[in-house]
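First chain A sits with chain B, and in the next complex the same chain sits with chain C.
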Partner chain A sequence: MSKQNENSMGPERHPWVSSFLEGWSIFRQNLLGKIGLTLLVMFALMALCSYIPPWISPIYDPMTGVDPDITSCSGPCLRHWLGTDFMGRDILSQLLAGARIAFMVGISAAVMSIVLGVSIGMTAGYMGRFIDTLLMRLADMIMVMPTLLVVLLLSAVFGQLNIWTIVLIIALFRWPGVSRIIRGQTLSLKQRPFIEAAKVAGASHFRIIFIHIMPNVLPLAFLFMTFRVTSAIITEAALAFLGFGDPGTVSWGMMLQWVWKTGHMFQAPYWLLPPGICISLITLSFYMLGRAMDEVLDPRLRKEDQTD
Partner chain B sequence: MELRKYITKRIIQIIIIFFVILTVLFLLFRLAPGDPVSMMVDPDMTQEDAEMLIVQLGLEQPLGMQYLIYLKNFFTGHFGFSFHYGDPVVDIIWDRLPNTVLLFTTSIILSALVGVFLGKIASWHKGKKVDSIMTIGALVTHTVFLPWLALILIWIFAYKFGWFPINGMISEEVWLDPEAGFISRALDVMYHMVLPLSTLFLIHFGAYLLIMRSSMLETLKEDYILTARAKGLEEKVIRDHHAAPNAALPVVTSVGLSLAFSINGGALTETVFTWPGIGRELVSSVSQNDYPLAQACFLMIAGVVLISNLVVDVLYAYLDPRIRY
Partner chain C sequence: MRKGNAMSVMNPSRKRPCSRWVVILACAAMLITGSLFTVSPASASNLLKMGLLQEPKTLNVWRASDRWSRKVLGLMYQPLYVRDPETLKLIPWLAAGPPLFDEKTLSYTVKIRPAKWSDGTELTSEDVAFTGRFINKFKVPRYRSKWRFIKKIETPDKQTVIFFLKEPKAIFVSRSLTTPIVQKKEWTALIEAARKTKKPLKKLLNEKIKRPVSSGPFVLKEWRQGAYLYLQKNEHFFGTGKKIQGRLLGPYIDGIIFKIFGTSDASILALKKGSIDMFWWGIQPGYIEDLRANPDIALFQNEKSALYYMGFNVRKAPFNDANLRRAIATLVDEDFIINRILQGYGIRMYSIVPPGNAFWYCPDVPRYGEGLDREGRIKKAFGILSDAGYSWDAPPVDGSGKVVKGEGIKLPDGSPMEKFTILTPPADYDPHRAMCGMMMQEWLRMVGMPAYSKPMAFGALLQQVKLRHEFDAFILGYGNLSLDPDYLRNFFISTNDKRRGWNMSGYNNPHFDKIANRSASEMDREKRRKLIWEMQKIIIGDVPYIPLYDPKLIEAVRKGRFTGWVQMLGGVGNIWTFCQLKPR
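The block that comes next holds the complex of A and B.
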């Protein structure tokens, strides 16, 4: 596919650039993808804006900010656009800080699990035999484990987990899906002549896997990344909601846990609604982005939609 | 014959996986920071009781011996005593397990059936309004944050309208009334189950709908559908008897793959609705540092996931003859 593009786009463009441009032009025609991307840009702006409120005044600090005039949960007003929580902290600035945490958790956990999944998948597919069986049985086993409950159990044993430990555990339990797909891809790539050529030229296994096979499986890995981001965000939010999140961070799940545990959910819709809507929307937008990318990468799906 | 061989193979695999989980749990709780005695023996127990329990669990023995005792205890049903309840863990587990199984299986079966049905309709009206509404609806309900959806449902239907109970699984007056028969008790449980079941259903059916829809569209391109059309069969017959059964196979696979995800959702739902199930027990035992109960709950949940996986696999093999040969 990339060879064809090289011919049509002229030789000065790197094949990755041209296939990216081609993908982008398909992506732009996709409604779901556009909505998803727009929503994500909005959330990214929210995350950036999270630095503004504490900078205006310390009473807007999402964690420690307390308004001297308000000491309990109160509705929206001019000073606090979305109201305040049970300690008089500003809900809007918590919401903005939550966007930052969501991106942080989602993207770092996704990157880690993709790196793991791709490396393991390629190794299993390329090495075959015993290593393949071992790694894939391990993948099967991890796949049936409910990640949220695993993190819960680990926090029972090791006590309060901080946000990076949570991210790490999510990543460690979320690679098998990716590695299976990458393994399948590697199995078919392994039969191609260029791998044979590399072998004859004396390339090491390590070099073949990471220099020759990896560029060919990466696009597929990127597709999985969006789905991994959503599952990481949901897992962290659910954990925080159950009361096992990092107490030093303000995430959307944490906000919901406060509403729920302080018994304000029936009295304070301005507090209950925003964090839930944000978690759901960010999940939805990554999901839509993923589906759109799916169509960019899989010509079969694309054709089906264009016949409409 | 082939089917039996396939099932035997899967059962052996599942037993191996369960053993590994059992072993990892053992190591996790014995090698964790803090000594194992404080992890397995209630600090509030009397001296003699504690010593008896230490001997029963083999906590004074070397690690290898402890592992053998641990396995023996597992097969004879000795999980120690819950710190919080003071009762044997195994009793608590047996009390909660049926409730989880009831909620979990009903929600999965219901959402898969409805998902398949609606997905079939959506694919049949591809590109029309019905299809768009269903696809968007499925996307939205599938990505809603589960605990939040549960809170919203409670807020609207239990608090504002007062149609359903806010939480719990039974009303005490019905269960304490000796006159009440089986039917009125069953109805009472069903009445309490409406909201938790709706939560799980709304979260899950969307995924199955989307899978069924795209799989149906693939299937309709097959040659045998063309043959059926050429034979002059009614469209409804083609849809329901020729295309749908084959198209539903990927849904069965996806039910199997998403079991772990569903059980997470189940635990969250049980917690929000205070449904007395294993998932909720796991959450509360973790927050109360009730290690023996947490360990046993996790083991049971892993068992539930593995067994449901087996059921799904067998169902798939039964539905798709190709897998047997």
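The block that comes next holds the complex of A and C.
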């Protein structure tokens, strides 16, 4: 009631803006969401700051920069806040560059898998019958495949994969879960009167799916995206750690692989711990964000005082 | 139902089947675990426990190409001559004395020591002759090149064997006579079966040898695949109690257990805990400080006769241009690789022959980029490429002579240089080479070359490079180069540019071929040295390979249980150690 009054009194807002503001007010009350968002902002800042060290001096280039005075693994000092790796490369610079890669991999793979999952889910749910069966059986088949194992096999067969191939493969293996949820939602939406109305008005299937159904399933898709980011980051890190990452990128998994393969696992905690902690925290932050989004999007999960 | 309940309450025997099963299962579990402990000889105190990174692939000596199989087989199949650990000169092993060369008949006469196989039968000249004939008859891939010039082999008596050569061959003693000798009896039956098949060699190479008949200090007792391999002392070993080169031979230990660990971390942990006495593999520099601080562990540092190098596919563009290869040789910073990636545990290579092989090593070869810093290297490489007609969208050296990021390099014909890959083994196989590839990628990109480092599984890499010739550049290594430099000829002679051939780069230079063939036939050591030097100069001038480094080998053993480790080129894991190691 009060909202209606607000709307009638203030300047008229786009419905998406209003729903965003409403969601934001619920999100602000969620502690997990706030922690997750803070962590995420911190990592985003790290990713942005990754461009600064090489600009200060070439010795801070995460891949090729080496300190001329340090030729082995060394602990934190004024010049290298987190120390150097076995070649004398700055660990902080690598950590910052790793944040950029984590965001790139996580978000790209998640967006790709969501686009694929939403499109397939909506098509299957809306078209039904043979197409539904075909797409969902395909989803089932992909869902049961162990992603990491398949990527490892592909790496073994085709040699080292570059970072975009890894992103693509992760996306190709992560859409079935999304498509199943979206299909369920589409099946329910399909029975609503506004879809019937659109059909009567002569709207094409394409228009119904992408203009009428999609806006209603998008919030759910965004929610799943946060979880997909987490799994993409972990998969990439695992691949890199096992030696199947892109050797041309400095990712956190790659850092862990270097510390392991050069025999510094138990000798250099200042090299081992930062990438490990960062992987844990970034996945945790996306998970927390996802939980908070879940609450925002699903009224059944809200506390009493949050519902109106 | 009620009856059943009553029965079970009243009659305690109803419970017995259950408890019986428990007892049976418990006994079975005890038997299984107990048998593991009793069968496992690891508990015996007089056994040497060795850690291996991987399991041997085969015990068929003709098939064994992986180093794990060869390490184990090297303790069973013995050659006529071996290297002295100090002088590195060839000394008689199964042979009783040095080979006698008859210039007129182009023949070598070798006398055999009185020796026995592990099954108690006599090792005679027939076995030696059989080995040579077998290699030639079936064209055994790994050994054929060392025996193809033998015209015939005669055995006038049990202890004498005469090798007649088709032509003089300098490598005969150092390469042919160091081939492991197999038992005629063991292989005759297998040959009969193989002859009945369409591809006898394939059949022989695929033969699973479960109990190799050994002439060495140890013989196979048991191999539990995936768990351990147990070699027992060979009671018939010819060297037991004998003095060879002033060294009294044993073996003094009852046997060797090889445990398979899979990773260096696990192996080193086992070494620190005392589960193994030695880890038979080079230790990464990262572990050294920790191991050095451990009072129970001794570290050995030895040189290797090895060559780690970057190779090019000179059969096709862009690497068919020697100027481009020279420019890359200038850009590659070997000092960086040795000081940073190898942490100083390596020797810089200027030529294909390691500098430690002083007699054959030619110091007078072109030294690309020596003493230059990164900017100097880029400027020099830019000069080489510009003079050869290469151009850039954005040259790596601008008008004022300042080094900038180069972009869009174009070949002398004006076409853009296409993306190329540098294949390396993966980091879990060899982190050094994987890291070298990564650094080279970055160094080459600085001058605008579209280089991509691509670590790939070792087997797949070899297939691509050696079999299919589908590659641009690669980083590989020979971890155990022979001291005779005949490999120079093998690596670069044009007749070896074939599928599975040793000339992986596809280098083709008729002038080089001529000198290489002469070097193989030249029996005068000084004259041969001149030819070998000439060959090194040609190769380093044309750079089909860029020699990178010869790593130093660091090995770790436990101090407490055994004494008598013999250090030599290639590390302490050598036949002399295993024949002389004594329990404390």
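Basically, the second predicted complex is superposed on the first by the 292 of 308 C-alpha atoms of A that agree within 3 Å, B and C clash if a C-alpha of one lies under 4 Å from a C-alpha of the other, contacts with A are read in each partner's own complex, and residues count from 1 in each chain.
One rule holds in what follows: a contact is a pair of C-beta atoms (placed from the backbone, for glycine too) under 8 Å apart; a residue touches a chain by one contact, two chains touch by 3 or more.
Treat the numbers as computed from the prediction; the structure is a model and nothing was measured.
Contacts of A:L152 after superposition on the shared chain: chain B is touched, whereas chain C is not. Once chain A of one complex is fitted onto chain A of the other, the partner contacts of A:V66 are limited to chain C, with no touch recorded for chain B. When the shared chain is aligned, chain B comes close enough to touch A:L256, but chain C does not. In the superposed model, A:G248 lies in contact with chain C only, and not with chain B. More residues of chain A are touched by B (comparison of chain B with chain C).
By the touch criterion defined above, A:H14 lies against neither chain B nor chain C after alignment on the C-alpha atoms of chain A. When the shared chain is aligned, chain B and chain C each come close enough to touch A:F266. Once chain A of one complex is fitted onto chain A of the other, the partner contacts of A:I234 are limited to chain B, with no touch recorded for chain C.
Judged by the touch definition given at the top, the superposed model places A:T283 against chain B, while chain C stays out of reach. Overlap of the chain B and chain C interfaces on chain A comprises residues 156-157, 242-244, 260, 265-266.
Interface of chain A with chain B (complex): residues 140-141, 143-149, 152-158, 230, 234-235, 237-238, 241-244, 256, 259-260, 265-266, 269, 272, 275-276, 279-280, 283-284, 287-288, 304, 308. Within the complex formed with chain A, the chain B residues making contact are 13, 17, 20-21, 28-29, 32-33, 39, 126-127, 139-140, 142-149, 151-152, 154-155, 159, 217, 257, 259-261, 263-264, 267-268, 271-272, 279, 282-283, 285-287, 289, 291, 294-295, 298, 301-302, 305-306, 309. Taken together, the chain A residues at the contact with chain C in this complex read 63-64, 66, 71-73, 86-88, 156-157, 159-160, 162, 242-244, 247-248, 257-258, 260-268. On the side of chain C, the complex with chain A involves touching residues 264-265, 268, 283-290, 336, 339-341, 343-344, 423, 426-428, 431, 434-435, 437-439, 441-443, 452-457, 460.
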